[in-house]
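In the two assemblies presented below, chain A is common to both, partnered first by chain B and then by chain C.
Then we have the complex of A and B:
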C-alpha cells in the first residue's frame, strides 16, 4: 500500500512538471488548437463520402461481433485458458477492443498517411511548418469509423459489471485507469518506432499490418506463453501491458506493483521514442519529389 | 478457345511470378502477419483445460497449428481485393480488351502468389518442426495419405477461389464488397473453417454444420487428413462435399460474370 502511495506521489509530481514544461516552454495550447482544427477538417472530409463511412462502420461492427464469436467458439472445446474462464476472456476482449479502437481512431489514419508521405516528399512540407513535428505527424488525422467499437466494448464491460464478473471496487478501477494509460502510451511508442522506420527506410508500405500483428499477440492473455516468452512480454517486449494487465487489474487479479512498473516503463518508452524520432528526423535528408 | 493450350498462359504465369518477386519486402510482412496468429493460437490451445469430449491432445494441436500457416497460404485468394479494385479504377476495361480471359488471369495470379509463399513457409515450418519434433507423431504417414493431402489442398484452393470469386464479381453492382467478404469469407471461415478451433474438436452439432459448409475444406480438411484421424470413407465424403461446393460456386460465378458484363459501363479511366 505504501509503495502505491509513494508511486502515485512521485508520478503526480512528474506529471505536474511535464505539464508545466509543455504549457510554458512548448506552447502546447496553440499546438492543441491546431490539432483540433485539423481533426475537424478530416471529419468534414470523411463526411463527404457518407456511404463509404457508413459501410466502414458496419464492417467494424461485424469485426467486433466476429471477435466476440471467436471466444464463444473457442470455449466449445475448452473450459479455460491458462486460468482464464470464458467470462474473464470477455473482460479481456472488452479491454482489448477499447485499446484497439482508440488506436484506430487516433493513430491508424496517421500511420496510413505516413506510409507514402516520405516516399512522395510531402513530409518535407510538414517539417517546414512551425509546429512540433512529432505531434503533428502523430495526430494530424482522426478516423471516427471505430467509434462504434468503443460503444460496444463499453456496453460489453458494463454488462460484465452488471453480472458481477467485474466487481465494483474503486482501487481496482484506479489501477485499471493507470494501466489503460500505460497501454495507450505503449501502443503510441510502437507507432513512433514505425514512423521512424519509415523515415529511415524511405519506403514502408502496410505499416498498419505490422502494428496489427502486434495486436494479434494481445488477443489472448500472456499466461498462455512458455515461461521465457512470457518473461520477455512482461519486461522488455511489453506485450502484456497492452491488454492482459489492464484486464487483470479490472478483475482485481493484478497487484499494484506490476501496474506501476508498467506505467514507469511506458513513460520511459515514450521519452526514448521521442528522442529516437528527433534523431531520425535529424538524419533525414529528404526523399522522393 | 482452348483453355488447356499452354503457350500464352505460361508466359502470363511467369510474368506474375516476376511481379511478386519485385515486392519482396511486402511478401515478408505479409508472411510475418500470417505466421503470428497461428502461433498465438497454438500457445492458447496448449494451455487450455479441455472441455469433456475434446479428442485432441497437445501433440495434435501442435501438428495442427504447424500446418495452419501452410494450408492457409496455399489456399489463399486475393481476388476480392484485386477484382473490386479493377472495377473501381477502370483497369478491368483494359483486361477486357486483351485476347485473354480476365478470370483466368486471376487464377494464374493466385497460383503464382500462393506458390511464392512456400519460399518462407517451408523454412519456417521446418524450423518450427525441429523445435517441437519430439512432441509430434508422424509415424502414421503413408504415400496414399500424402496424395490425399495434396489433392485436398488443391480442392481447398479451388473452393476458396470459387467462393471468393463469386463475392468479388458482385463488385459489378456493389461498390464495396469488402464488408460482404469480411462476413462470408473472413468471419465464417475463421470461426467454422478451423482457424480458431480445429473442426474435429467441435461439439457434435456444430461440427456437423461445419462439415456441410465449404469453409472446412479450405483449411481444416487437409490437416485432418495429414494427421491421420480421418478414415478413407470420411475422406471421400469430404472430397465429394468440397467438389459439390466448387461446382455450385463456379456456376454461380459464371452466371454473375455474364449478367455483370452486360450491366458493366466502365466507370473510371
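Then we have the complex of A and C:
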C-alpha cells in the first residue's frame, strides 16, 4: 500500500511537471491544432485511393476475426492456460487489439514515413519549421484502416461485460484507465526510440518489424513465461504493461501497486524519450550536401 | 526578439571561424572489403566547412558558389539550424540557429530545389492551409499573402490540382509560395531552379527579384546555374573544399580572373588582323565572323579601329561566360597559386 501511495505521488509530480512543460513551454494547443490540420490532410489523401482504403478496412476486420479464432483454438485442448481461461483470454485479446489498433492508427504510418524522411533528407524541411519536431513527426499522419478493429474490440469487450466476465467496478475501471494510459505511453516510447535510432544511424529499415515483434509478445499473458522472463517483462522490457496488466485490471486480477508501478515507468520513459529526441536531433547529419 | 546589438542590426548573418566536420565511413570495392568493413569499419574525418568567416547585411542577396562538395549546402544547413557546427560561432538575426528557437524559425525559410514541402497527393492549397497553421497566420494575413504570391507567381490555375500532376515548374513556383507565406526575413535558396527549363528559370529569377524589391528579405542563394547568380546577386562568396576563396562583388571577381572581354564582329568583306601585342587575340574565326579576346582597357581602341574600317555588319562586346570564370577558380593551377 505504501509503495502504491509513493508511486502515485511521484507519478503525479512527474505528470504535473510534464503537463506544465507541454502547455507553457511547448505551446501544446497550437501544436495540436497543427496536428489536426495534418490529420485532415492525411484523411483527404487516403480518400484519393478509395478502393485501397476500403480494402484495407475490410482486410483488418478479417485479421481481427482470425486472431480471435486462434485464441479459441487453444481452448479446444485446454480449459485454462497459466490461470487464464478462455473468457479471460478474450478480454486480453480485446485490450490487446485496442492498443494495437491505436498504435496502427496513430504511430505506424509515421514510423513507416520516418525512414523515408531521413533517407531522402525531407526531414530537413520539417526541422526548419517552428513546431515541436518530436510531436509533429510522431503524429503527422494517421491511418484509419484499423478503425474497424477498434470498433470490433470495443464490441467484444462490451459483450464480455454483458456476459459478466468483466464485472462493473469503478475501482477496477479506474485502474484499467490508468494502465491503458501507461500502455499507450510505453508503446509511444518504443516508437520514439526507433525514430531516434533512425535519425542517429541515418538509416534503419524494417523499424516497424521491431515494434510488431514487441506486439507479438504482448498477445499472450506474461504468466505463461518462466519466472526470469516474466521478471524482465515487468521491469526493463515492459511487455506486461502493454496488454496483460490492463486486461488483469479490467478483470479485477491486478493490484493497484502494479498498475501505478507501470504508470511511473511510463512517465519516466516519456521524459527520457523527450531528452533522447533532442540528443538525436543534435546529432542529425542530414542527407547529402 | 532577443537583445540585438548594433552589429546584429547591421548584419543579418555573421559567422566566425565556422567549422563542420563529418565522420565518413570508408569502403573499398568488393565483397571481401565489405565483409572486413562490416566487422571493423574504417572512418575518416572530412572538413566540409573550414574556418568560415562571413557577414551578410540585412536585405542583401548573396550568391554562394562552389563546385560540388565545396560545403555550400552544409553551410546553409548550419545557418538554418539543421546542423550543429563542430566549432565556431553563428549568429543569424541575433539567434544561434542550432538551438532551433521557434522565434528564429519563424523568420527563416529554406527552399531546396530537390526536396519539397508540398504534399505529393494533395493540391498545393492544402499545404498552404497547413503552413498557415504552422506559422499562426490570421485570416487576413493568409488571404492577403496568398493572393499576392499567387499573382506574382502566376499559379492560380494549379492550386487545386494534385501536386503529383503538376509540372516541375508549377511545383517549384507553388513550393516558393508555400515557403514565403510567413514572409521570412531570411531566405535560404539551395538550387531553386535545378531541372527547370530556361523559360521557367527566368520566371523564377524575375519573381525573386520582384519579391526582394517588395519585401527586402536577406537571400543566400546557391545555384549551379550562373545565370541565376548573375541575375540575382551582386555579391558572391566562393568556397572551395570548405574554404572561402573569394568574397566580393561579382564584377570584381570577373575582372580579377578574366581581365579580357570577348569582342564578336561580323565583317561585310575583307579581313581583320588581330595583333597580340595590341592586347587582342583571335580565339575563333568562321568566315567573316571573328571572336576576339581583348584586354579590357584596350576594348575602346579596338572597337574604334573596327568601326573605322566602315566594313562592320555586327559587333558585340561581352564578358566571358560566368561558368568559365568560376570554373577557372577551381582549376588545379588557380588552386595552387
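Following the convention adopted for this analysis, the second predicted complex is superposed on the first by the 268 of 289 C-alpha atoms of A that agree within 3 Å, B and C clash if a C-alpha of one lies under 4 Å from a C-alpha of the other, contacts with A are read in each partner's own complex, and residues count from 1 in each chain.
Operating definition for what follows: contacts are C-beta pairs under 8 Å (C-beta built on N, C-alpha and C of every residue); 3 or more make two chains touch, one makes a residue touch a chain.
It should be emphasised that the depicted structure is a prediction, and the values quoted were computed from it without experimental measurement.
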Would you check which partner chain A:34 touches, where first means chain B only, second means chain C only, and both and neither mean what they say? second
Regarding the shared-chain residue A:58, is it in contact with chain B (first), chain C (second), both, or neither? first
Name the contact category of A:44: first (chain B only), second (chain C only), both, or neither. second
Touching partner for A:121 - first (chain B), second (chain C), both, neither: second
Looking at A:213 after the superposition, I want to know if it touches chain B, chain C, both of them or none. Which is it: first, second, both, neither? first
First (chain B), second (chain C), both or neither: which does A:81 touch? first
Would you pull the chain A residues touching chain B in the complex into a rising list? 51-52, 55, 58-59, 62-63, 66, 69-70, 73-82, 205-206, 209-210, 212-213, 216-217, 219-220, 223-226
Please name which positions on chain C make contact with chain A in the complex. 22, 72-74, 76-77, 80-84, 98, 100, 102-103, 105-106, 108-110, 112, 114-117, 119, 121-122, 126-127, 129-130, 133-136, 162, 190
Chain A-touching residues of chain B, taken from the complex the two chains share: 25-26, 29-30, 32-33, 36-37, 40-41, 43-51, 54, 56, 175-176, 178-179, 182-183, 186-187, 190-192, 196-198, 201-203, 206
Spell out the part of chain A that touches chain C in their complex, as residue ranges. 27, 30, 33-34, 37-38, 41, 44-45, 48, 120-122, 124-125, 127-131, 133, 281-282, 284-286, 288-289
